[in-house]
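Per-chain numbering from 1; labels A, B, C and D assigned in written order.
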Amino acid sequence: MDIEIATIGGYEEVGRQMTAVRAGDDIVIFDMGLNLSKVLIHDNIRTEGMHSLDLIDMGAIPDDRVMSDLEGDVKAIVPTHGHLDHIGAISKLAHRYDAPIVATPFTIELVKGELEEEGKFNTDNDLVKMEAGETMSIGDSGAVDLEFVNVTHSIVQAINPVLHTPEGAVVYGLDKRMDHTPVIGDPIDMERFREIGREGNGVLCYIEDCTNANKKGRTPSETVAREHLRDALYSMEDYDGGIVATTFSSHIARVKSLIEFARDIGREPILLGRSMETYSGTAKRIGIDFPSDVEMVGYRQSIEQTFERIMNEGKENFLPVVTGHQGEPRATLTRMGRGETPYQLEDGDKVVFSARVIPEPTNEGQRYQAEKLLRMQGARIYDDIHVSGHLCQEGHYEMLDALQPEHIIPAHQDMSGFSGYVELASNRGYTLGRDLHVTSNGNVIELV
Amino acid sequence: MDIEIATIGGYEEVGRQMTAVRAGDDIVIFDMGLNLSKVLIHDNIRTEGMHSLDLIDMGAIPDDRVMSDLEGDVKAIVPTHGHLDHIGAISKLAHRYDAPIVATPFTIELVKGELEEEGKFNTDNDLVKMEAGETMSIGDSGAVDLEFVNVTHSIVQAINPVLHTPEGAVVYGLDKRMDHTPVIGDPIDMERFREIGREGNGVLCYIEDCTNANKKGRTPSETVAREHLRDALYSMEDYDGGIVATTFSSHIARVKSLIEFARDIGREPILLGRSMETYSGTAKRIGIDFPSDVEMVGYRQSIEQTFERIMNEGKENFLPVVTGHQGEPRATLTRMGRGETPYQLEDGDKVVFSARVIPEPTNEGQRYQAEKLLRMQGARIYDDIHVSGHLCQEGHYEMLDALQPEHIIPAHQDMSGFSGYVELASNRGYTLGRDLHVTSNGNVIELV
Amino acid sequence: MDIEIATIGGYEEVGRQMTAVRAGDDIVIFDMGLNLSKVLIHDNIRTEGMHSLDLIDMGAIPDDRVMSDLEGDVKAIVPTHGHLDHIGAISKLAHRYDAPIVATPFTIELVKGELEEEGKFNTDNDLVKMEAGETMSIGDSGAVDLEFVNVTHSIVQAINPVLHTPEGAVVYGLDKRMDHTPVIGDPIDMERFREIGREGNGVLCYIEDCTNANKKGRTPSETVAREHLRDALYSMEDYDGGIVATTFSSHIARVKSLIEFARDIGREPILLGRSMETYSGTAKRIGIDFPSDVEMVGYRQSIEQTFERIMNEGKENFLPVVTGHQGEPRATLTRMGRGETPYQLEDGDKVVFSARVIPEPTNEGQRYQAEKLLRMQGARIYDDIHVSGHLCQEGHYEMLDALQPEHIIPAHQDMSGFSGYVELASNRGYTLGRDLHVTSNGNVIELV
Amino acid sequence: MDIEIATIGGYEEVGRQMTAVRAGDDIVIFDMGLNLSKVLIHDNIRTEGMHSLDLIDMGAIPDDRVMSDLEGDVKAIVPTHGHLDHIGAISKLAHRYDAPIVATPFTIELVKGELEEEGKFNTDNDLVKMEAGETMSIGDSGAVDLEFVNVTHSIVQAINPVLHTPEGAVVYGLDKRMDHTPVIGDPIDMERFREIGREGNGVLCYIEDCTNANKKGRTPSETVAREHLRDALYSMEDYDGGIVATTFSSHIARVKSLIEFARDIGREPILLGRSMETYSGTAKRIGIDFPSDVEMVGYRQSIEQTFERIMNEGKENFLPVVTGHQGEPRATLTRMGRGETPYQLEDGDKVVFSARVIPEPTNEGQRYQAEKLLRMQGARIYDDIHVSGHLCQEGHYEMLDALQPEHIIPAHQDMSGFSGYVELASNRGYTLGRDLHVTSNGNVIELV
């Protein structure tokens, strides 16, 4: 059976992930993501009403025109988890394919939200929920199956999809870290990866997340970030002024820790900001292990009212968890820094960034500016209380040991980001151009 | 009563700490430390046989000639904890003063060791043990007392000495972090600091450790480093080759964690290297909460024999904890990288640095070299599993809130390192040149 | 005669310089500058209509309330050169003092422009032109004189004012580099500095520009930047598309080099942007050695028309010199990057930044963004063709050797920036707190 | 005619360059270099007596075993210039091939020196001198020619060899910058490169030096470094103590500038150190445009005597140009820092590093240490007076425009270093895996 991999998007950048695997006549698409930075560099652009081709030209969504080179039918579109760089282009591209969108329940709910906000295209693909550990048959040959293996990432219900073919398994390895003690959900299913490496024809191809491939060692467990956060918040127990926290809205486990520690130190947590409500609301609705009684406020006007209430009832009784961890100019925290909200920061108030600055100058500049504004109001900054959601080098070594893949395709980075991975894969005996395929967007790699 | 502070050493650098406080006719000296980097830059120098004046000229030990400007008698020499930059010059300088050396039991034991190794001077000052929480009278006036307040640092039994005078307390604040959950010993005694700030005439002067004064936020608890280390070591549980760890020998709590986690993953920990034996042996001997049954090997020949035994019995059964966390050219770990020991590193073996690289180019170069040699033998590096032992900015704010000192003297850094502290103290209302004294080595500050 | 120095602004930051020297009953003020970054962090603020007190509260202009502590009359306000951080607060503060503004002709012209744009205050102080090398008497005592010593900086007609008093000279040393081959004007007058160091009572006090005090070596001459620029532009001689350059508008010597090299490679230079017209127009008007026939366009609408003309007549015939070297969001170059001007950038077009990025994250973020936008249009970036206008460490050593001052006051930096200077002055025998005065804004130092 | 390229060494690192081109039955080898860092990481290794295979195992010299995969005879070994990473393995590998070594006269002389020092192998290959601009026939087919095109680099007489084949030219582009005003020799021959791009079948393949491929803009001409150096040395004209300079010994143009400027400020230059004598002596001997009357001293004992003479006759009359620009522990300058030579550094003496620190931690550590030792003796450091010898991005664009190659092979870096080149070549329409060949050591690329 012919096996081909089309590297559509995310092979020259982080963002707008999209990969298609053809096994005989059947094609499965993994991820359809958005590169938000390509949108934000332009002033005043809203993507909701934009056409796919314009977004492709901007480099914001994957250029899926290479799909016409693949001879076969798309049988499933599989977003691996709910981050925008993996689901953000579904509303622009999925309607072109007559195939269901298959994902874990949490991811499906987020896709639904995306589709509802879309203003240009109508997407009526079926939305199919499948849990980690489950398998479905792909196409009519009876020879191809899709399996979801549970992985751990900075969002809940992330999986690595595996396409089982007669020629071996194709493992799509984006995005994960190797967490044996995640705060929510099951540990990464290394046992299953090891089985897949051993069973049948083994692994034909492994597509790997190279985000941290230039970083030594092991990405720590979410438990380590949780202990770090606990230490920081508990140390503020006696403080009787304002404490504000921010983190990635989609990072449900972290938000959960914030909620719990806020209560431990006698404060009422309130989630503020539109994306806070989207992600945490979804988590609550579908029964994730998440505090069900926490207040969430999404709309601007309600946020203002909530801040007024907080000021009236006493800042010392609350811990607002807000958007703005990267200093985004219009996020709630930045507006607080500018004094544009009813929440009055005072000398000594604490602002906790449970996130790291994404290392890109635009970002670093905005974050610096946001911190400066917060400081001008007297705030004290606690930052970098975080662990990455992506494998570092030791995780890559372990995955190669578990899967023993015949071919490897590094992804989710640019060439410079791939360099560490090429070095480590070479250490394990792979050779560039032979079984280690450094590629770019828009190529088709024939494996069989 | 006249109160003067002589800033003898460590006010232009990290290392060779020494400060004298005169209260009326009585003088107490805090710390007599060594700046090891001033020794190491010269080839083949051994300090044991060197004269004080030569070491002073090299900038290696404090220039205590300013002591002659203080009119009074030295009544006590008080090393605050057992690090070399606080006790390393006692063997060269203490014999000049007719006064006991007063310290916690662990520190006293380490001072004893220093005195035994000294080859040039004979020191017969009394060695007096005093526990954190205890107080002794100084001099004959009956008006001056010395108290030890328990603090938390990267070595056990660290204290901050407080000299109570009729004019208020002089608090010598070197070196600490604010740890409420240290792995060994009691939490920092913030309650007592707050009392000292309130009682009597309050705090006349606070001498502060500025090591991390340019760093935002809060230094995490040792518990956070412990969880990070646990996560790293537990993730290696299935590995059946060699695992080696290194950390600061004096960091008893960290060594304890290494020992415990080694056993948790089914390996026998062995401490290797002379300073490993010195510190851990001392801890064991004086009854610190430390595993009493761990093997320690200090001499070169015994280390070689131990490595041979490890190779014979199987590397997979052991976890050697060795010296060399900074890539020191002659340390055990570096020698392992050079293949000079019987321990054979193999492809995939793990080396865990539970330490961070001290950020100075010489050091960074040596550590890089050591890692490169280890990698050439196939080793995989896990590094930076560590938390600092020194307060960051939020800790400084908390100390100022607790003590409300009348005067502040930043220490334990150079001018550039003081800059963050000056900014934060200014935020709290202190003024440079009036009540905030940025000074240099060899000055006398008259407070009353 | 009493001599006091009031360190009013610019002793905790770069920007809003202001220092007053009292000699007996006479006071001279050196500089009244603006800290523009304190304005820009707020959205949509225009300073023209703002009150001094609000600008003081924002930290944008010097807090001159300390002037009331000086017993004497202000006899002259002396801006040392035309940069905004030295003249930008004159329109807000000078009207409070009944004293002439004394400066070199170029500086006076720029001050005039500032006063004309001011919308809140009316300033009718006399504007007095004095050339480098000249001296004027201050006050009625007959004992105090003001002299201008020629220095070299990144703007023409910079001087260091010297106040000669019976107690010795007070030398105000902001801002300069030691340039023996400046492209415009005379070399720095080291001969005169050496004389001042030797004559009479020598130098009582030297106030020094510490901008680069943490940098090794010597700041190169403008000639070096000129050769670098020549090499870059000559290498583009054969290119037949667009070439655009940007630099500091006030850097007349650099603009002159750009004009000359543009012509050497067969292109017509045009200066575009409001501040380009202000500075270069002023230089031309008062007879600086500057190409008199170059076109300058300041207003937005005229700029657009000029770009249209350039496009019509062929980009290959022109070299626009525009504003925007720091990626300022509204500058001409950034607008070109956004495609908001009629000038069409094409693949391969060259953009020359004859400037370095000011190392601050906000700035770095904006500059990165501007470059990214320019690149998205196909532009190729040549950057960092520049030399600093400020002394590095070797220049500081030379100044100390020449002046042999009794007292030194480091300025034009924050504490961290002073650290290198304190170290080098200590090497020359000065002692912190005795004759080396590290201070902050708002202090008065009594020298005699 | 078959055309193959064997990428033997220098495709995963900087150092040990070696590439073979097969055109039909004829093979030409470009470069046989040494990676010195792989030798230096081991203590006390001398390569002179070592066997090739051991050096290959250490990664110090190219692994030329892949040559057996090429069907043809080696007709020439062509080192492109005299740097060790291009000629340093000739003494270990050339004897295996029955072919002449063809190079420019200066390079040939340096190769001769290498062969004389070799202690293990006897090399009797013919040494053939060929000048830039000349061509020789390769093999018997009459269809293949070797041409030397003049380029500019940080050593004199560097060339880019071009192998003309019936299928087009193979241009070996290591190492060069685009210098139109070199201080010695002719400018880069861009005219000839443009002709080669246009004539016959054009350029089949271009192998490019990616050293600076991640750097923006244009590498400045040697003239810019010369003006920078002139500015620095002229500024010391009045100093009457010691001035010492260091630079790359092989950088004849820079050494020439040092000699000339030393004399301009009234000092006698003396070149000190073994490699100083090797390179400058060779330059003088073969008639390079170089001061013929300068004193050179190579042996340790003579260097000591020369230093004694300098001290006797007065340091102020000399300018020693010494080895040690990277802080190498045993170089002359480092020994001066340690006080191991008769040359006494005094407070205020100047040390000029006309070189930049090679950015690698081991190196940075050693250089830092050397500077610190020099400073401890009172020396003042002037550093970074240098320009790179390698193309930055704009030079790469220009080369692609001139040559219009069908295939490109990036070299002289690791994967991370290639990343900038891949991006820029992609901008020019090349595609990874199709006509842009990112490869590693030991591969064979079949072009025809």
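Throughout what follows, a contact is a pair of C-beta atoms (placed from the backbone, for glycine too) under 8 Å apart; a residue touches a chain by one contact, two chains touch by 3 or more.
None of these values were measured; they are calculated from a predicted model.
On residue numbers, the B-D interface is repeated by A-C, which shares over half of its contact pairs, out of the options A-D, C-D or A-C.
Set against one another, A-B and B-C show the most C-beta pairs in contact at A-B. With each centre defined as the average position of its C-alpha atoms, the distance from chain B to chain C rounds to 46 Å. Spacing of chain A relative to chain B, judged by their CA centroids, is 42 angstrom. Counting partners per residue, chain A has no residue that reaches two or more other chains. Across the interface of their complex, chain A is touched by residues 178, 180-181, 216-218, 220-221, 223-224, 227-228, 231-232, 234-235, 347-348, 380-384, 393-394, 397, 427 of chain B.
Chain contact summary for the complex, chain C toward chain B: residues 214, 414-416, 418-420, 422-423, 426, 431-433, 438-440, 443. Within the complex formed with chain A, the chain C residues making contact are 41-43, 338, 360-369, 372-373, 376.
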